[in-house]
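In the two complexes that follow, chain A is the common piece, with chain B as its partner first and chain C second.
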Partner chain A sequence: MERVPVLKIGDILLVSIQIDMEDQTALQLQEDLADRIVETGCHGVIIDISALDIVDSFVGRTLATIASISRVLDAETVVVGMRPAVAITLVELGLSLPGIRTALNVELGMALLARERDFEFKDIDDDEDDADEAVVAAS
Partner chain B sequence: MERVPVLKIGDILLVSIQIDMEDQTALQLQEDLADRIVETGCHGVIIDISALDIVDSFVGRTLATIASISRVLDAETVVVGMRPAVAITLVELGLSLPGIRTALNVELGMALLARERDFEFKDIDDDEDDADEAVVAAS
Partner chain C sequence: MALSTDEVGRFAGLLESNGDALTTAWTDAVATLLRGRLSHAELHRQIAELQKGFQSALAGGAGDLEADAAGELRGLLSELSNTRARQGFSATETAVSIFALKEAMLTVLGQDGDINATTLRDYVSFSAFVDRAGLFTFDSYVRAREELISDQAEQLLELSTPVVKLWEGVVAVPLVGTLDSARAQVVMERLLQTLVDTGSPYAIIDITGVPAVDTQVAQHILKTVVAARLMGADCIISGIRPQIAQTIVALGIEFGDIATKASLADALRHVLRKADVNAGRRGAGRRES
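Here is the complex of A and B:
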């Protein structure tokens, strides 16, 4: 059975799907990815599908499942590298990949994930700042 | 024909080989990679072979050719993710991948490339410092 490798790059796990997704491959990938997220504590998953000519409903569902599994393990998923023809076919098939974020390439996907994390941290900081200000105002 | 995607991450091009290398695929990859190096000006190429169970002499030659092409285009190549069994078989076959640098995983490969670049830049800096010092000493 072929296996899709999961590559760790900093705080991100990168998966490049190049082979045809079959039931077993998809299940194995979900398992491998979940294991790696827990093992590494990574907060982002990038799935590159630039090698895929076709994304059918099975692949769409697999991507959605991966995104859901990652989310409950505190990691965000971004699908990158979708070809224009794939996007057109997807929408024509009525599949709009709900709950999956996309970016044009790996770098933009990384930037998206970094922004989200920054944003989250900033939110917490802002709250703390607000609290500090409230203390100052009260004193 | 299947095509191996070339992913740009910062100053590095990442290639994850998951499919069986045939003549056409190998040629196409060499061409794609050379095009991307020129197009992006990247100085590093990382080839992940963690999905490969076997590296035969053809794949070995392909990797060596990619490394040579990259070198003349001012990019260094590191092969990462080799499985222990693959390493053993390679040596038993008398293939030691001359001229190809390796690292255990993508992150270590990136670190290796970064160190080399730093080293090169530092060399130039050092020379400049020496020149400065020489001027100071002369004045």
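Here is the complex of A and C:
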């Protein structure tokens, strides 16, 4: 059975799917990714599906599952490079892949992850500031 | 109901011997029907050609319009209906040009004064032949018209769905005209392909030129937006006229969390602000690290 390689680039895991996704391949990818996220401590996952002609409902659901698993492991998932024909088919099928973040290409996907990360930290900073102020106010 | 061999022979003789008289009577009959929309000389030329077509078909022994000998006549008839269809004549005007041959034939038949049962029978069967020719003209006319319409529809489809780049990373589709399923499909495909080609994360669909929005049109637009989102681009709908806004609400169409703006300018401003915020966030992140 073919396996999809998972590459680590900085703080991001890059998965480029270049083969036809069969159900077994998708499940294997789901397992591999979960292992790798824990192993590397990465905070972002980019799945490139620009080579995929067909995304069926099972692959769509697996992508959603992968996104949920990553979120539990504190990693944001972005699916990038979906072809127009695939998007149209998914919409016609009524599958809008809720819970999956998307970007047009890998570059924009990385930018999106970087933005999300910054935003998150900014929130934490803000919260700490608020806490400080609260302390000041109390004293 | 094909003509018998001796009938065919008789008609061919009649057409040949009374050629000029027939053509004149026929041309006059058609000219009054067309009310001077074609010049008399032009009409006379066409009719003479047709008459020759009928004559040679009958002389060749064609008892029916489907016969091999009538091939030339069929060609003439369809050519006539093609030109008439393109010149904007109505179907009746075209078919009547053929049916007028019957009237002309009647004047020729009654000439020598002895109208008997044979003449009548001849006239009826000749009429049937002309009727079939008329119907054939009608069919060709409709076919020509249909071709014309489908050609125009195709041109319209190509003309009216441009995707323009408004700004770095922002593309827009100004929709003009009624949006049916076929057009919506073309618009959707073009927009999505442009998003991929240009790597633009923002798209604006401007519906200023759409005369009416019903549930189906809204459905098409929504599908496009959802598909663009699936690919990772943000879609904004702009150019919603007051009348259309009222219709949308009255129909209970929900655009959900899709941004809608009154004008294209507003949409562009919205997109630029959004892009700016995103760039700002990224810039801030870099400075901190």
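Convention: the second predicted complex is superposed on the first by the 129 of 139 C-alpha atoms of A that agree within 3 Å, B and C clash if a C-alpha of one lies under 4 Å from a C-alpha of the other, contacts with A are read in each partner's own complex, and residues count from 1 in each chain.
Just so it is clear, contacts are C-beta pairs under 8 Å (C-beta built on N, C-alpha and C of every residue); 3 or more make two chains touch, one makes a residue touch a chain.
Please read all numbers here as calculations on a predicted model, not as lab measurements.
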Touching partner for A:96 - first (chain B), second (chain C), both, neither: second
Partner, of chain C and chain B, that touches more residues belonging to chain A: C
Which superposed partner A:34 touches (first chain B, second chain C, both, neither): neither
Partner chain(s) touched by A:105 [first = chain B, second = chain C, both, neither]: both
First (chain B), second (chain C), both or neither touched by A:9: first
First, second, both or neither for A:115, with chain B first and chain C second: second
Chain C-contacting residues of chain A that also contact chain B: 105, 107
Chain B residues within the chain A interface of the complex: 2-5, 7-10, 14, 16, 18-19, 48, 50-51, 81, 105-107, 110
Chain C - residues contacting chain A, complex: 188-189, 192-193, 195-196, 199-201, 223, 226-233, 278, 281-282, 284-285, 288
Residues of chain A touching chain C in the complex: 78-80, 82-84, 87-88, 90-92, 96-97, 101-105, 107-109, 111-112, 114-115, 117-119, 121-122
